[in-house]
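Labels for the chains are A, B and C, by order of writing; each one numbers its residues from 1.
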Amino acid sequence: MDRLLTSIRPRTAQALQGGATRGMRGVAIGLALLIAWALVPLVASRSIVDLLVFAALYTIAGLGVSFLLGQCGIVSIAQSVFYGIGAYSTAYLTTHWGWPALACMAVGIGISTTIAFAVGWPILRLSGYFLALATLALAIIGHVLFTEWDWLTGGTLGIGGIPALRIGEYQFNTPQRFYYLVWPIALLLLFAHRNLLHLRTGFAMRAMRDAPAAAAVLGIDVHRLKVQVFVLSAALGAIAGSLLAHYVTFISVDSFGIDRAINFLLLAVLGGARTIIGPVLGALFITIVPHALSGFGDIHAVLFAAFLIATVIFLPAGFGGSLHRLVESLKPSERVDDK
Amino acid sequence: MSALLEVSGVSHGFRGLQVLKAVNLTVKTGSITGLIGPNGAGKSTLFNIVSGFLTPDAGEVRYAGRSINGMPVEQRSALGLVRTFQTPQVFAHLTVHENLIAGGYKASRTGMLANLVGTPASRRELAALKREADRACERFGLSEVRHRLAGGLPAGQQRLLELARACFGKPRLLCLDEPSSGLNTEEVNQLMALLERLNAEGISLLLVSHDMNLVAIASVIHVLCFGEIICSGVLRELQSDPRVREAYLGV
Amino acid sequence: MSATLLLQSALAGLTNGFVYALVGLGIAVVFRGTRIINAMQGEFALVGGIAAYLVVERLAGSLWLASLAGVAAGGLLGVLTEVLLVRPTRKRGGTEESYLLLTLGIAFAISAAALYFFGRDARLLPGIGGESSQIMFDAAVRTHALWLMAIASIVMVVLWLFYHRTHIGLSMMAASIDEEGAATIGINVPLMRTLTFLLGGLVGGLAGVLVSPLITLHYEMGLLLTLKGFAAAILGGLLNPFGAVVGGITLGLIESIAVLSVASGYKDVIAMTVLIVIMIVMPQGMLGRGSRKGG
């Protein structure tokens, strides 16, 4: 649990892990959360569990956007395209050609990463604004192509009858079962990214984010690194999309438009793009809040946008950043002070 | 001594203004070379050209016997050509220790996929980098502040950090852009001693500075004025050279 | 392909081009005044169009009144945005990212609000001269389209004069180029920024009023207009005053001619691809003159 919180502040990790009592407290919290997580499907209603499944899927896709934003300062609104590619690859290949799930996901990842590389390489040389708008343009292109190429995607009619994921005879065809499948996957990916941050590449990324000129002088090929992160982000989108297809068993083009891309960006910003736990918080927010506000109708889209604006202005570090600060302030003062 | 860096016939202009006019300059291997000149002489431009941040309109830059025209900054760095910046470009949100680890990028290998998985090789590599960073902290006197965020350090220590980080990858030619700016006299003296020590360890230095005291450590100094090298030599000679006087006083 | 068809397409492209030019002009205005790329410029058009529509439908107002309302609505939105949202962001240390996210957020908020209050239906505004068309060389073009091009051209000239001949216009330019310098000679820099957004809003509102009779008014049009306007602006060169015009017309023509050979559903894809390509290949635009370089 502490490991999720202490994304880029190893000092914090040290401080938290130093001292037996503190260590034990961390373990206790972690265990409590784990048990709480495991118990949810047993006590909550089906619709809540369904929401939480979506939260996990959005966490995965949102992690890509969040990482790109937090580590490279790149605003990407293109994640919906890769999400769609993953979903349609799975949908098409399972229903038309009967391919196994993993193979379809691999294809989805392959196509997404190839496109991300091909488009990313020239685009990522651009500066902030240009780049963001280029990704938005990409999202529009993707959405139109998903709609127009109905021989592949079924267009507005979509593709149905996607088989559920299964291991042997055991099918993951209920929200509860899928919940226990998808969250570990999400957490695994989160841990992988935490690894990344704390090893060589992560240092290079953080260097690039703080002072790109100095990073270049240390031998870091900034452009290549950005492309790598973009490709990684696309892979995450594709993974989330593939899982989505297996879960909802029917997909249509409405799920892969601009609003989806905005949702991913929103959850990245809200959750705090510089923390590893950010995407989880953001994803939980954007799935639970509309549910809570469902009495108000379509207004939640407006409220979301309002939240995005408020976060940008008042809470630039997002929920994750605030949580982080909260945890820091709760620790006894064995801390090096900053100016 | 052979030439580590050779600048030949480099010219460059901005919007009709000719900033550099066929500049020739050499840095001998193992030396400390200074570059001075009044404001607007073109020192920054020349510096940016040498370090790869600018492509000259004409001329050639040769490093370690090969032409590096058009070579990107990171490749020059891989060959040992490293620079610092006038305002220290430390990684503000990283600690001193982490800044140094970042400096070890060139010296390490593992890629993104390996890092995602967290392979044993990746972890060993990081552990090695951490040990190196500890050593660098001691060498440069940063051990006390190793866990402070670099952004919160005073200018003098940021300068030190930037130097330490640049030296992490064992550079061959270290180009320093106004390294004494923002430092008090005491700190400048410490810097001079440090630079001489680094030079003694085999690092060649190219020093751009306003500070006459600092450049005194250089074995040869070039004077740049209005885009041309007007003379070169030892500091004492230059100080009594009428052309130099005119360049500085006449501006 | 007959000459008439080609001409027809070209005229349609030209008309659209002027709209993109107006939106692009708004983006350029805001950029030159505040160095912010306004991702919500298209929403000024949407709001302007909606205001005009409401005046016509709910208040049975004349077209003139509706147009005025639309332009004013755009301007009002611009001022409110700057004062209520941009300023606090600036105060808290606005980075390029945060302004981008901010304007994007506002764009989506407005788009979502439009969806909520007006639904998914598209509305049509009556145009100048109603539904009538003129015949030019065997091709038909709506009277309104001709008016649109004329008005847009006038606006462009007026803007140029404003920036280069009036005290306020010059002050606004000065404030954006060098804030501190401008302040020392007595220019109220925050006011200039607000005025910039006001101007951007007015131009955007006008674009909305002019374009709504030709394309339908619907909640998603803002974003697309913004992107196409942005394409127009950088195609022509972001800092060049006539850039957006040249860029917009070029984009409109490319779009219309291309659609002759491809299915109409791909129309937006063409504009978006053009946008991406020019950003990569020609970031300084066709008339480029020292603009922001990408990278």
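Everything that follows uses one rule, which is that contacts are C-beta pairs under 8 Å (C-beta built on N, C-alpha and C of every residue); 3 or more make two chains touch, one makes a residue touch a chain.
Note that the structure is a prediction, hence the values are computed from the model and not measured.
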item: Centre-most chain, if every chain is reduced to its averaged C-alpha atoms; value: A
item: Greatest separation from chain B - chain, by CA centre; value: C
item: Euclidean distance of C-alpha centroids - chain A vs chain C, Å; value: 33
item: Rounded Å distance, chain A centre to chain B centre (Cα mean); value: 40
item: Chain centre separation (chain B, chain C; CA means) in Å; value: 47
item: Residue ranges of chain B in contact with chain A within the complex; value: 51, 53, 72-74, 77-78, 82-85, 89-95, 98, 101-106, 108-112, 115-118, 122-123, 125-126, 129, 147-149, 152, 162, 165-166, 168-169
item: Of all residues in chain A, those that touch chain B in their complex; value: 8, 10-11, 192-193, 195-196, 198-204, 206-207, 209-211, 213-222, 228, 232, 336, 338-339
item: Chain C contact footprint on chain A (complex, rising order); value: 69, 73, 75, 77, 119, 122-123, 125-134, 136-138, 140-141, 144-145, 147-148, 258-259, 262, 265, 269, 297-299, 301-302, 304-306, 308-309, 312-314, 316
item: List of chain C residues in touch with chain A within their complex; value: 37, 39, 85, 88-89, 92, 96-98, 100-102, 104-106, 108-109, 112-113, 115-116, 220, 223-224, 227, 230, 234, 263, 265-266, 268-269, 272-273, 275-276, 279-280, 283, 292-295
